[in-house]
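Each of the two complexes below includes chain A, the first together with chain B, the second together with chain C.
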Partner chain A sequence: MTAASKQPSGAASYFRRQSASVGPARRKRLIALLALMPALVIFCAFWLLPFSRLIVMGAEADRSSGISAYLTILTHRQYLISLVTTVGISLVVSITAVAIAGVAGFFLARHRFFGKAALVAILTFPLAFPGVVVGFLVIMLGGRQGALAQTSLWLFGERWMFAYSLAGLFIGYLYFSIPRVITTVMAACDNLDKSLEEAARSLGANTWQVTKDVIVPGIAPALLSTGAICFATSMGAFGTAFTLGTRLSILPLNIYGEFTNYANFAMAAALSVVLGVITWMALSLARRLAGGNLGASV
Partner chain B sequence: MSSSVSITLTQCSRTFAGGNTALQPLDLHVNAGETLVLLGPSGCGKTTTLRIISGLESPDKGGQVLFGERDVTALPIEKRDVGMVFQNYALFPNMSVADNIAYGLKIQRLPKAEIAHRLDEVTRMVDLQGFGGRRIDALSGGQKQRVALARAIAVRPKVLLFDEPLAALDAKLRDRLRIEIGQLLRELGTTAVYVTHDQDEAMALGDRIAVMQSGRIAQLGTPQEIYHRPANAFVADFIGAVNCLEVIGTRADGGLIVPGGELVATHLQGVSSVYCRPEDIQIVPLSQADIKGKVVQSIFLGQTQRLLVDTGGASPLQIEAPSRQRWPNGTGIGLTLTPRVLFHPDKPTVTGNAKEQAYG
Partner chain C sequence: MKSRLRFTLQLSFTLLVCLFMIVPVAMSVMAGLTENYFVGLESGLTLRWVNEVWQLYADTIWLSIKLAIACLLITILIGVPAAYGLLRSRRRWANAIEELLLLPVAVPGLATALALLLAYGSYREFRGSWLFILVGHVLFTLPFMVRAVLSVMQTAKLPQLEEAAASLGAGFRQRFFGVVIPNSMSGILAGALMVVTLSIGEFNITWMLHTPLTKTLPVGLADSYASMRLEIGSAYTLIFLVMVVPLLVAIQWAGKLTQQRD
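Our next item is the complex of A and B:
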C-alpha cells in the first residue's frame, strides 16, 4: 500500500480503486511480472531460443550416419572415444589439480615466510592467460623446438615431445587449474577453526590423524567445489587444445570441426548439448555435495 | 580417577614475533589435584600461560615446564596427556556427539567394549544420556560445552585445561555449569588450570587463584587471601569493589584522619591511604559514627543496595546496605569501621602475619 500512498492524490485514488477490485496480492504479482519482463525477454532471446534450437537441431539426422545425431554419438566409436577422452582427461586433471594444489594451498595458508606474497602472486599468475597462451607455453616446454626436446637432443640424440598429445593437453589444463584450487584452498584454510586442530591434538591425534579427521573434512566443500569448477573448465577448454593441434579427439575440437569443416550442424549441436549437460551435472552435483556454497568459493 | 600430577613452570616467558612480550619470566606451581584459576583482565597473558602448559605454545629459551618430576618442555601437546576445553567448544562438526566424545579413545585404540563403557560413564557424568546420535549443530550452547567437557575427561588426562569455557553462555547457564564443573573437578581429582576473567567463577572454582596483570602474576593465593588481603591496589580493585580512603593526617593516639572523620587502625601506621570493602562498612546512628557523609546515590541490586556516600574525599565511598531501607539523596549517614576490615597492600592485616611473598 505504501507504493500507492506515495502517488499524487488523483493517481492515488485511482490506484486505490484499482487495488480494491484487483486485490493487493494479484497486483503485487503483476508488478513483479512487469519488473521481470526485461530479464525474461533477454532470457528468451539469448538463452532459451538458441538453446532449444540447439537441442532440436541435435535430434536431426546426422549427415554421414543418417540417424539422429544424439544416437550417432552413442553408436559411433569415433564420437564415443572422444566423449570418454574428454570426460576422462577433465576428471584426471581435476583430481590431480586438487591433490597437488590442495596440499600446496594448505601449506601456503599455514606458513609465513619471506617472499610468500610474491610466490602466491606467481602461482596464481596463469589465471591471467587465455587458453591460447597456455597452449603456446606447453609447446615451448614440450614441443618440437621445446626445452625438453632441446635437452634430450643434446643428451640422448633424440627429440622428446609431449605437447601435441593428450599429455600436453593434461599439462596445459593442469597449468590453469592449479591456481584456482590454490586460491580456493587458501581461503578455506584461513576460515578453518584452529581450535579444532588443537582439540584433536590435545586428545592425542598426530599430524596425519588431524589432517584426516579435522582438516580434510573442514575444507572438503571447498575441494569439491573447486574440483568441479576445474572439471567444467577442462571440459570446455578450447584455446589450449586448438593451439596444441587439431588432431586431438576431444569434444570442443569435435564441435569446431563438425561445424566449420563439415558443416554438419546436427552433430555440432548434439555434441554441444552433451558437453553442456555433463558439465552442468558435475557442477550441480558438487554444489549439492558441498552444501550449496559453490557460488561463494568461485 | 587418574593419578594426578603437579605442574611447575620455571622462568617461563613468552615473546611473540615483533617483540611483543606477552609473558614476563613466570614461576608457577600447581599442586597435584588442585584447581588453579588464572584470573585477570583481557590481554594479561592468561591464555598464553595456559597454552604453554598445554604444549600448544613454547616458552622462550630458558623456560621449563614440569609435569610432576618429568620435563615436558619439548613435548608437543599430543604427547602431554592434557584435556582442553575451549571457549568456542571446538567440537568436530562432521562427527556426532558420541563420536566427538569417543574421539580421544579411538585415537588411543582402546578396545570397543572399553570405549562404549567410558562413553557411557562420561555421558552420565555430564548428564547427556540419549544425546549420542545428535549432530553437533543440533545442540544448545550449554549442551555443546558439556560435550566438550565429556570429550576432554573421557581420555582421563593428567591435566585439565580450561580457557574461558563459560564465557559464551548466558548468566544463568554459566552459574549452573560452573557448579557442575566444580563438582566434576572435585570428583575427578585431576589437576586443573582454569582461565577466566570472571571473578565469581574464579572464587567458586579455584582452590587457589593467580591474579595476572600485564604478563605477571600480581598475586597467588586462596580466594579468601586474594579477597581479604589483596597484594596491591590492582588486585584489590580487580577482585570485587574496594574503597580507598586518603589519610589526611595522624593523631597522637594513632588515629587516622580521613575525609569525614577518623579511624582507629594501629596496624596501618604511616600509610597514605587505607582500603576497605563496601560490605565491611556499617551504618550506625550519626551520634556513634566514625565517619559522616551524605548519600549521593543509591543503586538497587535486588538482595542489597549500593549507596554512594560523599564524605568530602576524592571519590564517594561505596557501601552495602539492606535493600528495603530507603536512602533519599542528600540524607546524612553515619558509618563505622572496625580496624579488622581495614587494609593496605603493603601492611600486614590485623590478624595476618607479615606478607610472605614479594609481589610483582
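Our next item is the complex of A and C:
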C-alpha cells in the first residue's frame, strides 16, 4: 500500500523535475544571450558593419588605374613590392626574434642566479611600449644623434646611422618582438617535462642532442605560435614606421598615404583588408597552436 | 668545467639582449633630464624639459586618462556580462562569438580606424569628439577584459557555486551579484589593468581618429618626436614611462594572484 502510493508521487516529481529543467535550460540560454547582447551590439555597429563596408569599398575602382583596387594590388608592381617587402621583413624579424629570445628565454627558465628577476623584468617590460615609443628608441640608437652616430663620430669621425631605413624598421620590430617571445618561451619551458631531458641525458645524449631532440621539439608549438604573433604584429606595426618617418614602401605606411595624401579610399580599403586577412590568419594559426595569448598589436 | 663555460656564454648572450632592450630606454631617460643632450651630462641635470612638456601637452595626458577610465567602465559594463554569457552558451557558439570579438585585435588598428572613419566620419559632431576615439579603444580592449574574466570564471567552478546558491533559493540577480561577480574579481582586476595599459598606449587607431582638439598622449608623443627637440621628446617619453611602468608591475602582480588561485 505504501509502496503503491509512493510510486505515483515519485513519478509526478520526476516529471515535474523534467519540465522544471527544460524551463531553466531555455531561461539560461536566454540569460546568456541577453548578457552577450550589449557587447555584440557594439561590436556589430562599430566594427562588423564598418569593416564589411571596407571590404566592399576595396572592390571599387582605384583612382589611378580605374580598375578594382584588389586587382590593382595584384597587377601593379608598386603594391606588389610593398606587399612582398612587408611580408619579408616581418618573416625575417619573427625568425630572428624567436632565435634570439628562444636562447635567452630558455636560459632564464632553466637557471637560478642572483639578479635573474631584474633581467626578466628588463626583457619583458617593453611589452607595453606603443609602436611610436619603439620608433623613438630606434632613433635613440641609430638616429642622427643616436648612440651609434656618436660612437662612430668619436672613433672614425663620421656619423653612422640606420634608423631611417629598412634596417631601422628591422631593429624596431625586433625590439617589440623579443619580449613577446621571451614570456612565451619561459612559460613553455616551465611546462616542459624535465624527466624527458634527464632520461635522454642518462641514455648518453650530449647537450646539443638534448636541445635538438628533446627541448626544441617540446617547445616547438610555443615557438611557432609566438613567431606567428610576432609576424602579425610586425605586419601591422604602423606607429614604429610612422615615427621613423621613412618613405619606405610597407603596407601600413601605404594605407596611411593612400588615405591622407591621395584620398584614394578604394585603395586604402583594399590594402587594409589584405593586411587584415594576413594578420588574422597568422594570429588564428598562433591560437590554434598555443591558445590563450591574444597578441596585442603595437 | 664545460657546463660552467656554457653557463657563462649563455649568460653573456642574455645580458647582451638585455642591453639592447635597456640602453635606448636609459638614453631616452637621460636625454629627458639633461640640460643639453648634445653637450652631454656635463651640461647638468634639469627638470626643465619635463616642465615644458607639461606646459605643452598636459591636455593630452588628461585626455588619455579620461579615455582610459571611460574605456575601463564600458569594458567592465559590457565585458563582464559578455564573459558570463560565453560561459553559459554552448561551446560552439561561445567559440564563434569569441572569435568575432577578437577581430578588432587580430586586424591592424589602422584597418579598424579606417573602417570607422569611412562609416561614421561624416557625422561631424561624433567625428570631432573624444567619444569617436573611445569607440576605437573599446573595440580594441574588450577582448582582453572578456578573456581575463572568462578564464577566471572557468576555473572558479561557477556552475556548481551558482547551483548551490540557487538550491538555497537565490534568484538570478542575487546569484550574479553575490556569487558570480565576487568570484570573478581577480579576473576583472587583471582585465582592468590590461585595458587601462592598452588604452593609454594605443596609437594606431587613435592616430587616424584624432582631431587637433582630441590628442591623446601617444598622439602627442608622435607629434613631439616629429617637431620638437630631442630633449622634449625624451622628457615626454619619460612621463609616459612613469605612467605605464607601475601599471605593468601591477599586471604582473595580478597575474601571480590569479595563478595562486588556480
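Criterion: the second predicted complex is superposed on the first by the 241 of 298 C-alpha atoms of A that agree within 3 Å, B and C clash if a C-alpha of one lies under 4 Å from a C-alpha of the other, contacts with A are read in each partner's own complex, and residues count from 1 in each chain.
Assume contacts are C-beta pairs under 8 Å (C-beta built on N, C-alpha and C of every residue); 3 or more make two chains touch, one makes a residue touch a chain.
Note that this is a predicted model, so its numbers are computed, not measured.
Legend: residue contacts after superposition of the two complexes on their common chain; A:268 is shown touching chain C, with no touch to chain B. Among chain B and chain C, the chain that touches a larger number of residues in chain A is C. Once the two complexes are laid over each other on the shared chain, residue contacts for A:217 go to chain B alone; chain C is not touched. Applying the stated contact rule after C-alpha superposition, one finds that A:91 touches neither chain B nor chain C. With both structures placed on the common chain, the touch criterion links A:279 to chain C but leaves chain B unconnected. By the document's definition of touching, neither partner reaches A:192: not chain B, not chain C.
Counting contacts by the rule stated earlier, no residue of chain A appears in both its interface with chain B and its interface with chain C. For chain A in complex with chain C, the residues that touch the partner chain are 28-29, 31-40, 42-43, 46-51, 53-54, 57, 100-101, 103-104, 107-108, 111, 113, 119, 122-123, 125-133, 135-141, 145, 147, 175, 178-179, 207, 232, 235-236, 238-239, 242-243, 245, 252, 255-256, 259, 265, 268-269, 272-273, 275-276, 279-280, 283-284, 294-298. Chain B contributes residues 54, 56, 76-78, 81-84, 86, 88, 90-94, 103-104, 107-108, 148, 151-152, 155, 157, 161 to its touches with chain A in the complex.
Chain A contributes residues 193, 195-196, 198-206, 209, 213-214, 217-218 to its touches with chain B in the complex. Listed in rising order, the residues of chain C touching chain A in the complex are 6-7, 10-11, 13-15, 17-18, 20-25, 27-28, 31, 37-38, 77-79, 81-82, 84-89, 97, 100-112, 114-116, 118-120, 135, 138-139, 142-144, 146-147, 172, 197-198, 201-204, 207-208, 218, 221-222, 225-226, 230, 233, 237, 240, 244-245, 247-248.
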